[in-house]
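Paired with subunit B in one complex and with subunit C in the other, subunit A is shared by the two complexes that follow.
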Partner chain A sequence: MRNENKLLRFINQNLVLLGIIVLVTVTAVIQPKFLMTRNLTNILRQMTSLAFVALGMTFVIIGGFIDLSVVGMVSLVSVITASLINPIGQVGALLCGLLAGALLGYLNGTILTKFGATIQAEVLFITYGMSSVFIAVGLLVTNAETLRIARSTRPYDMFTAIGSGSFLGIPISILIFAVILAIMYFFQTRTLAGRSISLMGGNKTAAYLCGFNINRTMQMVYTINGLMSAFGSIVLMSRVTTATATLGTGYEANAILCVVVGGTTLAGGKGNVLRTLLGVFLITLLSNCMNLLGLSTYMQTVMNGAVLVTAIWLDNRKRL
Partner chain B sequence: MSQPGRNILVVRDVCKSFPGVKALDRVSIQVPSGVVYGIVGENGAGKSTLMKILSGVYEKDSGTIEFDGKVIERTTPIQALRRGLSIIYQEFNLVNTMSVGENIYLGRFREMGGMRGVHKKARALLDSIGSRISTYAKVGDLSASEMQIVEITKALSFDSRLIIMDEPSSSLTSEELKRLGKIINQLRDKGISTIYISHKLDEIFEYCDIVTVMRDGCVIDSRPVSEMSRSEMIEKMVGRTIDNEYPPRMHCVGGPLLEIKNLTTRKLHDVSFTLNRGEILGFVGLVGAGRTEIVRAIYGADKVRSHTLHLQGKQTRVRNPKEAMVAGMGLLPEDRKREGLILPFSVEANITMASLDRLTRHGIIDRSKEKEIGERQIKNLNIKTPSAQTRTHSLSGGNQQKCIVGRWLELDPQILILDEPTRGIDVGAKYEIYTLMNRIVEAGGSIIMISSELPEVLNMSNRVLTICEGRVTGEFNPETASAAEIMSRAIG
Partner chain C sequence: MKKILSLFLVLVLAMSVSSAAFAEKKEVKIAFITQSLENASQAFAWSQFQEYAPQYGFTPYLFEEGYDPQKGVAAIGTCIAEGFAAISINPTDPSAMIPSFMEAQKAGVIVGMYSSEVPEEFKQYRDFMCGTNDIICGEVAAQTLMEAFPEGVKVVEVGGQSGHDAQIKRHNGFFDTIDPAKVTVLDSKNCPRWSSDDAMNIMNDFITLYGDEIQAVYCHWDIGATGCIEALKAANLLEGVYVIGVDGCMIGYDQVIEGTQQLCIGQNFTRMTTDTLDTIQKILNKEPYDEVTFTALDVVTPANVSTFPYPKW
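The block that comes next holds the complex of A and B.
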């Protein structure tokens, strides 16, 4: 009886991990191509940009909010970065891109605090609106044209390295992500700023009465998310070698999906960046598997939706 | 209809276990028709669990329940309602944006023959208990006691023969409480039984016919109220003798510490007062008189139009809670679940959250020091929790409150503001909170205490201010002034 309970609890706590194992096994049996190094590296490469955005989104959701503007931020940052490569060089463009992301996020946070957006629906729609603005600005800048990043030619080689280069057999984008993840994990678990985010997400009023500056924490959370979206944008742009004003389409839903599947509760307060990474793994694997198994894109969308609903259901059941 | 004298509810040997705790251990009670049946017991005694089993929220492990002569195996809240068993929780189940009538017949508009029928029937029911609340009034605009009347009327609309009231008085003023008492008497006259759960023994003695004392999941005793004395009841609740409900009053008042002048906000008018070192200053007033607003304004939590604040003779600015904390203040808010605690977080996280600043070097929290603080306050305040990592929502009210007290004690504040520190917590834990307050003033701290329980304020304070409609209307020495005198000033 007791052992049975322990097993159940273990399964409950490691559902995502088990899901990943089941998914890998099933796909490997049906489609042996899946386990080839090239496919696996490919999955890792595909994963990175989403992983960055989901990482930032984790902080927003732990803080008790949501950010739909990542679509706009990923898109606009790619446009800004790509169009700056020729005038100021690739290093400058990269830094400007990251800075732009952080600024866009800060702008989000400031608008939300200045307008006193306190309920989730307001946050939802304001960030949704900001997303449209960011996309529209990108369209205005590019005239709705696609900016190309030529492979391996002089001013672009750094982006080529990020997009398709490897170091000791590991994709460079993954290495960058690992470093950022380690920093963010430390930030979340050990620093006062990281703690203030989860306290705010747990109970805004209580945190305020204990001396935390809620507005500043909110701005910080959105700035982090902007910066992470910028990383995601640059990695994505480098991989697909193009930048467009709609590059980030679908990233908001997928990022939220990964965060929730990873076990961060939408109610705020509780969550973990490492778990989000598992969520990213699961979602990316799922889409890769469905591709290998030849499922249609529509079917894949249905699957993603089903996974999201299931994840929220499981999370709510856990809370009871 | 049930005849008087018959038992409307018979509970026999009901047991219920949760992982790790036996919440109910062979509990048996018999509630006759047309009586007011009091259930008392400390938090965690099993009262709420029993009520939740009766109303179908939980399922019992064993035992039998008979309602109105029929054995009830399992039930759901809506089935229980339709059978004639209603429960009114401490937090009301009302839709604030809808009208009184709509709330009473929520979900049954069609059965009532549309909105016209709803309002007509609601009117008749309200009249039957002598209430003049308009059925068209929006519930959100009502006072707490009026909301309670709506809840009671809702229960009557289901032809309830047993109404369970869980801590019905916690948000009522003493005036409103009298009205509730009248309604309970009317219910009794109609043959409707009431189970009245309360921490306030005065109310039990005033309203109840029979009382059951519970402790640690067991029924300790059930007797007619007239056969049990107050001290006997407390003894049975806590399982030990408490000679006195209040510890001896401290007398260590020194010179002025905090001076507030001309505090004006949207709800407050020109409030001025002084708090002395080592003093417990009590605020007495009706709910909504502005007591909470005063302390929140001092603490920097609300916007202030004008005021001057002198701390130790020096003018100080407090524009937000952070600055208040720097100035040496701490606030235990009125609603511990909504404003005080982060319920899903651990005891430790809740205790340390105000002192994290001090544990941080170069932005990094010293985890071992944090653990130390958690353990220290758990020990210091005797917080009953399985571990420092236990989430606070599984703690009893008294222990939750102690977590918040511990949070501030760690900062060693000069001024501790306690807004309803003993609301909804049991007698034993109350005494511990009182002792803590004395310890604080003994160590040189000062306390502002707000409480709706007059005896508490009168027995703990060195000085009492009455607040009415946003003004300070009087100042009393509780050792010499009578309760009636003070209350008449508080009512205005």
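The block that comes next holds the complex of A and C.
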């Protein structure tokens, strides 16, 4: 009896991992090419940009909020970065892109706190509005044109390395992500600021009474999210070698999907950046497997929806 | 004094009203209703309306659907209410617009299709069509591919946004034209969005499945072709693969010049716009006009790319 309970608890706590194992096994049996090194490297490259965005989104959701403006930030940062390569060089463009992402996130946080947005619905609509603003600014800057890195007259090899380079067979973008993930994990679990996010997400009143500055924490969360979106944007832009005001379309939904699938509760307060990584891996893997198994795009959308609904259902069951 | 002042005020009022009425009479308003300006080709098309419409004495107004047919219906309603002379529309869903077209025609508004066409059974509800039909883009891609590989070829198709009008037509035009004895379609998959990232992911998966079997790639849009090219490059398979893209934007031309894309099927939006304006003017002047004006496609290859003007979008 006790062993059965242990097994059930183990399954309940490691559903994503089990899902990954089942998916890998089934696909590998039906389509052995799935296990080719090239395919596995592709999966890693495909997941990195989304992983960065989902990482930032994890903090937002743990904090009890949501951010639909990530797609706007991804697109605008890509446009800013690509258009700055010629005037200030690749290092300057990269740093400006990251700074722009952090500033856009900070702007989001500031607007939300100044407008007194306290519930998720308000935050949802304000960030949705901000996303439209960011995209529109990108369209104005580019005149809806696609910017191609290869058109730059100054060197852009750093972006090529981020997009398609590898070190000891591991994609450089994954190595960068691993470093950032370690920093973020340390921040979340070992610092007071990181823990204050969970406290705020779990119970804002309690966090306030404990002396935490809710507004400042909220600004910090959104700034982190902006910075992570900027990382995601630069990786994505480097990979596809183009920047547009519509780059990253759909990332907001996919990032939320990965975070929820990873086990972070939508109600806030609980979550883990490492588990988000598993969520990203599962979602990317799902898309890859379905392509290799010949499933249509419509079917893939159905599957993504089904995974999200199941994840939320399981999350609610855990909380009951 | 009061009487003089009153008279003066009445005169000023009468003058302003008559000048406003005169100005309104003179202005010929035409609407460009487009799917979304996020699409670079549509943003460029709008710039062409702004550039050329004044030469015809028209004032162009823009309405954007944002890929929502309901917004297109609302835009047509506005045009009818505000007495527009003509609308030129590139709708997200042509079939959904038919009742609105009927209303517009009843109100005397000229209805023109831009770069798209309504289904055959509804053609009487639009006055004219100018542009390229996306079906023809697919046909040209298939014909050029068969000419380039007379012995036969193995191709993969990376489609545009799944379910989008252009995606469906570019796919159908291609598949209806290919000779199955000569062209083997290894695989065909559409993207969730018009995103080069999605095109690249699908291409990567095709490379995993078919590797160096792939001799040609038919991608529904040039910027998507960029994603396919990058995927082929990363797998060291680009050399010898015949990449086809549709649109004719700067990136497509650049790729043809570099030799990474062998065929770019270009749509000339300047010509399409002037054709539209010509037709509207003829209808307004009650002159004979062509109900359908197909804008010739630019079939751009590395051999002839220098003979085409470099695109502005």
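Operating definition for what follows: the second predicted complex is superposed on the first by the 316 of 320 C-alpha atoms of A that agree within 3 Å, B and C clash if a C-alpha of one lies under 4 Å from a C-alpha of the other, contacts with A are read in each partner's own complex, and residues count from 1 in each chain.
Keep this in mind: a residue touches a chain if its C-beta (ideal position, glycine included) is under 8 Å from a C-beta of that chain, and two chains touch if they have at least 3 such contacts.
Not measured: the values here are computed from a predicted model.
S.K.: Superposed on subunit A, are subunit B and subunit C clashing or fitting side by side?
M.R.: Fit.
S.K.: A:Val240 in the overlay: touching subunit B, subunit C, both, or neither? Say first, second, both or neither.
M.R.: A:Val240: touches subunit C, not subunit B.
S.K.: Which chain, subunit B or subunit C, ends up touching more residues of subunit A in the combined arrangement?
M.R.: Between subunit B and subunit C, C touches the greater number of residues in subunit A.
S.K.: In the superposed arrangement, does A:Met36 touch subunit B (first), subunit C (second), both or neither?
M.R.: Only subunit C; A:Met36 stays clear of subunit B.
S.K.: On the A-aligned overlay, A:Cys210 touches which partner chain: subunit B = first, subunit C = second, or both, or neither?
M.R.: The first partner, subunit B, only.
S.K.: Pick one for A:Leu192: touches subunit B only (first), subunit C only (second), both, or neither.
M.R.: first
S.K.: What's the minimum Cα gap, in whole angstrom, linking subunit B and subunit C in the superposed view?
M.R.: 34
S.K.: Note which residues of subunit A are touching subunit B in the complex, please.
M.R.: Residue list for subunit A touching subunit B: 190-193, 195-196, 199, 202-203, 205-213, 269-270, 319.
S.K.: Per the contact definition, I'd like the list of subunit B residues that touch subunit A in the complex.
M.R.: 299, 301, 320-322, 324-325, 331, 333, 338-345, 349, 353-354, 356-357, 360, 363-365, 367, 407
S.K.: Give the list of subunit C residues in touch with subunit A in this complex.
M.R.: Against subunit A, the touching part of subunit C is residues 37-40, 42-44, 47, 162-163, 187, 189-197, 200-202, 204-205, 207-209, 223, 226-227, 230, 233-235, 249-251, 254, 313.
S.K.: In the complex, go through subunit A and note every residue touching subunit C.
M.R.: Per the stated touch rule, the residues are 31, 33-34, 36, 38-39, 42, 46, 49, 135, 139, 143-146, 148, 150-151, 163-164, 236, 239-242, 244-250, 287-288, 291-292, 294, 296-298, 300-301.
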